[in-house]
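Taking it in order: structure first as structure tokens, then the write-up.
By letter and in written order, the chains are A, B and C; residue numbering begins at 1 in each of them.
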Amino acid sequence: MDKFKTVLNIFQKQQATFSFGAVALLTAGGEQIFSTVVFRCPCSSMNFTYGNVFLTVPALVLLLLGYILSNKTWKLFTGACTNNSKVCRKEKLCSFIKVITQITLNAVVAPASWIAVALLNGSYYECAMTGFNSTSYKKQVCVGKSEVCLKDLHKLPCGKSSMSPSDSEDVLLIIRAQSQMLGWLVITSIAALALLLSCVARCRSPVSYLQLMFWRAYTKSENDLFESATNEHAKKLAERNLSSFFELKQPTPIVTPDKKAWEKVS
Amino acid sequence: MDKFKTVLNIFQKQQATFSFGAVALLTAGGEQIFSTVVFRCPCSSMNFTYGNVFLTVPALVLLLLGYILSNKTWKLFTGACTNNSKVCRKEKLCSFIKVITQITLNAVVAPASWIAVALLNGSYYECAMTGFNSTSYKKQVCVGKSEVCLKDLHKLPCGKSSMSPSDSEDVLLIIRAQSQMLGWLVITSIAALALLLSCVARCRSPVSYLQLMFWRAYTKSENDLFESATNEHAKKLAERNLSSFFELKQPTPIVTPDKKAWEKVS
Amino acid sequence: MDKFKTVLNIFQKQQATFSFGAVALLTAGGEQIFSTVVFRCPCSSMNFTYGNVFLTVPALVLLLLGYILSNKTWKLFTGACTNNSKVCRKEKLCSFIKVITQITLNAVVAPASWIAVALLNGSYYECAMTGFNSTSYKKQVCVGKSEVCLKDLHKLPCGKSSMSPSDSEDVLLIIRAQSQMLGWLVITSIAALALLLSCVARCRSPVSYLQLMFWRAYTKSENDLFESATNEHAKKLAERNLSSFFELKQPTPIVTPDKKAWEKVS
């Protein structure tokens, strides 16, 4: 039982890591399903657009979803328009940008893993690049092949070109290899960027590591308690109002913090 | 039940060893999956780049991940920039380098096992070296074979060369053997380096073995207790602040250690 | 239940033997996996190097791992450099060598069983010796066979030589028989050496058998008790320091043995 607790504890500490991993894994699984079930390269001049749509648009959707599902976004934006003082002052703007950056970094996990897995898988890139309308790229891919290659490149992903099967396989292998190398490049640069950004952010923090841990614990327990206290307070207020409505009595006064105080704690 | 405890105890003592082993095993499994599912040698002039990307880039990503997931990294960097005294003095710099080395040694387990398993497996190295553009290497591999070997070497991994199947198999076996010997060399040098480094580190330690064990136990229990104390303190503080917010009362003072004290214990 | 206890008791008494057996068995299993999955003889002039690498390098790695995982190694080395008196005196040097020998004997179990199993299996030795560049050895193996045997010996393990299948099988059987005889030789000499060394060590011991048993039991229970006492002391110390940190009080003094005392008990 004791050991079980230890495992749970470790899990809780690395919660962020695990949730990032889960998001990345789910995205990768979704990408696999999409690329086998939904994706079908048109093998025409639309190849380039079609492949790029499958490569980038789902990533964009995931990014928007990430913004929508983040609590911090709403904490930041609620009342920001009516309450001009919240954005206008310079120091506020600075912290505004800081919070936006934080939210973006959290929201970018899913789209980045979509693009990385899609590139490693290679089928979207394959479809897109066979329709890429650049003579120099076509020549580079078709080096050592017959003239047909330059003309029939966009028919390759469907296996309908008039080239010999061995030649067309060669060309597809080259494009897939490019896609995978690009995928690794994306993964490496994301990992490097993550390390760099957290290093800089931590390095510039005014407090030490243990104090930061303390503040994190404080914020977490404050949030939890605030939520339960809010619920309780709201329930009490609702009960009072209802009973005063049904029993036609004057409501007994309950102290509720005023609007200014709420804005201050937000 | 008593025996079970003993087993658990042994497990706990060798925790570091077991976690290293688990990391190495997971990496090896991942490498196997990648080399069979994702990896497809392009059999063109890109061979060398492609093989090397699969051999080294995942190792680099694993290294970066190792840095990101290490608690020690953040303990070291948090507040290091704003607090110049932490790095500037010479003795501090020395211990800074020491901690960095320690973190690197822990983070290097996964990448090293990736490279070792990839070399023992041989398919990445095979693809890379068949595209290696060095006449002397090609001649060494193709010794006793026909002239075609020098020209068609990069087509070997796909089985598309115009050489006889027996000859091409011979060449591939030689390259794979080189890869495996290189893999054993990597493993041996890592093991030797690990033994040497720990020997030197322990040998220079100012305290004896049993005292070191005592300090380790002390650090562990201090960390555990510190964490629970921090959480409790944070909860108390949050409760006080919230109740003062809802009940519109002045908060009762709670003593919290100041910033200097936090920096000192970090 | 009573019988179960007896079995457990026997198991505990012969713990060392059982753990040696487990290590040997695991090594043998690993060797089998390696020789079927990873090992592929290149059938070229590299045969000799390749076979010997697979025969000896894993054994070397296992030896290094044995040193790294041994507690005694670290008990010996911790603080040995800073504390010159630990090595310099002659009697100390003598006991130093004694402990090193003991650690080596424990660490040598896994590599020895690797080599023994590899030789009994025969495939590594077969590959190595078919590439052995010695005319007299080749003549000895090829006695009564055609001239081709001397030239095509390194192609035998892949079954690609131009000799008749029956002849090549004969040669391989001879080499495998040599390998297995060598393997039994290794096993016998290790067993004989183990018996001899323990005989000499016990014979020179100043105390009788029963007294030795007593000292062993004493050492074991001392270690166990020391460990639990250390953990408890560390916990008490940590609790005191933490409470003094959060409550901003002066710490109450706890007596901790000084460095000299620690060195003495180590």
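Here is the rule we go by: a contact is a pair of C-beta atoms (placed from the backbone, for glycine too) under 8 Å apart; a residue touches a chain by one contact, two chains touch by 3 or more.
The shown structure was predicted, so the numbers you read here are calculated from the model rather than taken from an experiment.
Student: Looking at which chains touch which, would you call it a line, ring, star, complete or other?
Tutor: Contact pattern: an open line, chains touching in sequence.
Student: So, comparing C-alpha centroids, which chain is the farthest one from chain C?
Tutor: In terms of C-alpha centroids, the chain at the greatest distance from chain C is A.
Student: Given a C-alpha superposition of chain B onto chain C, how large is the rotation in degrees, taken in steps of 5?
Tutor: Between chain B and chain C, the superposition angle is 30 degrees.
Student: Between chain B and chain C, what's the gap in Å when you average each chain's C-alpha atoms?
Tutor: That gives a centre separation of 26 Å.
Student: Rounded to a whole Å, what is the gap between the Cα centroids of chain A and chain C?
Tutor: About 49 Å, centre to centre.
Student: Under the stated contact criterion, what part of chain B meets chain A in this complex?
Tutor: Listed in rising order, the residues of chain B that touch chain A are 8, 38, 40-44, 46, 49-50, 53-54, 57-58, 60-61, 64-65, 67-69, 74-75, 77-83, 158, 160, 226-227, 230-231, 233-235, 237-239, 241-243, 245-248, 259, 262-263, 265-266.
Student: Okay, in this complex, where on chain A does chain B touch?
Tutor: 3, 14, 17, 120-121, 166, 170, 173-174, 176-178, 180-181, 184-185, 187-188, 191-192, 194-195, 198-199, 202-215, 217-218, 220-222, 225-226, 229, 233, 255, 257, 261, 265
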